[in-house]
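Encoded as structure tokens, the structure appears first; notes follow it.
Chain nomenclature is as follows: A, B and C, assigned in order of appearance, with residue numbering initiated at 1 for each chain independently.
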Amino acid sequence: MQSLGLDVLFKGSNFIRLLEGLWVAVRISLISVVLSIVLGIPAGMLMTSRSRVIRALFRVYLEIVRIMPQMVLLFIVYFGTTRVFGWDLSAEASAIIVFVFWGCAEMGDLVRGALISIPRIQYESAAALGMNQLVSFRYVILPQTVRRLIPLSINLITRMIKTTSLVMMIGIVEVLKVGQQIIEANRKASPNAAFGVFATVFLLYFLICWPISTLASWLEKRWA
Amino acid sequence: MEKEVILQYLPLYREALLLTLRIGWQGVLLALVFGVACTWIRQLKIPVLKSLVTVYIELFRNTPLLVQLFFLYFALPKAGIRMTPELCGSLGLGLLGGAYMAETFRSGLESIAPIQEESALSLGMTSMQALRYVILPQAATYSISGIVANVIFLLKETSVFSVISLMDLMFTAKDLIGMYAKTLECLTLLVVFYLIMLLPVSVFGSWLERRMRRAEFGA
Amino acid sequence: MEHGNEVLRIEHLHKEFEGNVIINDISLTVHKGEVIVVIGPSGCGKSTLLRCINALEDIQGGQILLDGVPVDRTAKNISRMREKIGMVFQSYDLFPHKTILQNVTLAPIKVQKRKKEDAEKEAVELLDRVGLADRKDDYPRQLSGGQKQRVAIVRALCMHPDILLLDEITAALDPEMVHEVLEVVLSLARSGSTMLIVTHEMAFARAVANRILFLDDGRIVEESADPKKFFACPETERAGAFLKTFDYE
């Protein structure tokens, strides 16, 4: 145990501290996912809009999200807004803004995909029954899209959690940062702590994401 | 924005871009190799290796690259395995990408109806020949959009390389902001250089996808 | 017929799937040049029989011998065995990424290691026989169902199989295309090909068969070496009832 540096984990409150660090990342991602879903659904509906201008705007938005690394967006929001607009955003607020910007696009695209996959005839038969757009959307289209969307949104959660690991790069103390601190503090006593700590962080991330993504693919198969 | 500052920083960013591109594409190449190897093992259902491949894929798909790099670069040396930052970067990216590519290839293969393989077998082909001449060429076409998405994803992921002290674009930007506080110039250059890196791939990818779809075997 | 002419021998074949018996103790011998037509209601096991012969299904009992050699799904030489058994499926299943000519020559070149020119020369001749030589550079998608099925037959023929298995090859075709495919099969029969045919085309069965097998519930219920007689007055009640269902047509 000593040689692999696992002993450090059981010293004092080290393991609890790691878990607390992980919670920081998970909390940021959960807040971001909820906001992404709330904003993503109307965004997705707008993406199917008949207006060319709206569609073009969303195309640009999607393309930015598709091409720009989240890391770059984090830098822009965290460092850029302070300098340019004089805002003093906390690192956590910047992170949430970026992840919602990204997540909303992803969610919107999923919603759009689910909406256009509903056959035209469904809209037509709803209209033939005298439903207006709102009513047909609420009672005919939405229930069908939700089923397709749930597994994909669950998947978005794991991607969000994985991406949150980036926040350490703008100074948020999350699990990796806590890990570094623990290693630093125990440099003398257990020089191999890096192995034990980072292997544990690796495993912790896996233990959170794996069940969620397994659930998502199980639902996807079941509801396919 | 100050023009001189931009001109002054330009060479630094160019260096960083070249480094990022080199490691990024090495990683993509490794990802394809790992992905093919895993698919091979899964297709042939080699007993123990098959389970190992599943463990590998699940492990690397369900953890962030950042954490993987920390493990490769900071943890493994304690177990006696030392790598240069550059090797670490390409290997980490390759391992992550390999897991994603393997899943993409799998869904590509699954989209080919079983009767295609049966037709090939009934013509006297071995499973290997059926895979090579009949299944793979078709699966590759179906997988193109997934492969392109993976490549873009992997090239974007290179943005965390600075944690293993690689002087990539993020590293350069952060360093310069820290030293000279020319934030606007630094961030603008950062965005421009990522566009230079990723826009061509994205455009080429969409073109390839359209072409593949249109050309679908003489339709 | 004498023993030396025997191409295929099936002994007490038994096949189950998830507890259901699909083929129940079928024995059958096919001689060179014979055309045997297998008929029966849907789900009677006739397609499964063909798939077993080509070792596309695992079997739970009995054995299948081709030229005296067992056809075993798990054997190393199974692809060598399959070379000698040509099979054409209901859904024709040409390779969509290959041209017609490539579809036909792929296996001769890669499996039998024949020279490309020779394989292509023969392929064009055979395609010409089914009236499709001018389509050799097209892709399957550009052909009609009937044309695709004719190509699938040529693809199987190019391997010079000892026996040809045809599994409901007209079932997925538009009615006006059935004829062009059956013509090809009739001409193969006339030129002495050994064939085992599963079909729902009764008039065709009567015209092409040397022998009729009527399957029901995984067994051979009636076997007749006189197709005309079989279709006119079958001996078993079940075959009679089955044939009656076609009378409305």
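Assume a contact is a pair of C-beta atoms (placed from the backbone, for glycine too) under 8 Å apart; a residue touches a chain by one contact, two chains touch by 3 or more.
This is a predicted model, so every value here is computed, not measured.
*Asks:* Among the chains, which one keeps its Cα centre farthest from the Cα centre of chain A?
*Replies:* Checked the centroid distances; the maximum from chain A is C.
*Asks:* Which chain, with its centre taken as the mean C-alpha position, is closest to the global C-alpha centre?
*Replies:* Minimum centroid-to-centroid distance belongs to B.
*Asks:* So, what's the distance in Å between the C-alpha centres of chain C and chain B?
*Replies:* The answer is 46 Å.
*Asks:* Which whole number of Å gives the spacing of the CA centres of chain A and chain B?
*Replies:* One centre to the other, that is 20 Å.
*Asks:* Using mean C-alpha positions as chain centres, tell me how far chain A is from chain C in Å, no decimals.
*Replies:* 55
*Asks:* Over in the complex, which chain A residues touch chain B? Could you list them?
*Replies:* For this pair, the touching residues of chain A are 4-5, 63, 66-72, 75-76, 79-80, 82-84, 158, 162-163, 165-166, 168-169, 176, 179, 183, 191-192, 194-195, 197-199, 201-202, 205-206, 209-210, 213.
*Asks:* Along chain C, where are the residues that touch chain B in the complex?
*Replies:* 54, 56, 79-80, 82-87, 89, 91, 93-97, 99, 106-107, 110-112, 138-142, 155-156, 159
*Asks:* Which part of chain B faces chain C closely enough to touch in the complex?
*Replies:* Going by the criterion above, the answer is residues 113, 115-116, 118-126, 129, 133-134, 137-138, 141, 216-219.
*Asks:* For the complex, which residues does chain B have touching chain A?
*Replies:* 58-59, 61-64, 66-68, 70-71, 74-79, 152, 156-160, 162-163, 170, 173-174, 177, 181, 183-184, 187, 190-191, 194-195, 198-199, 202
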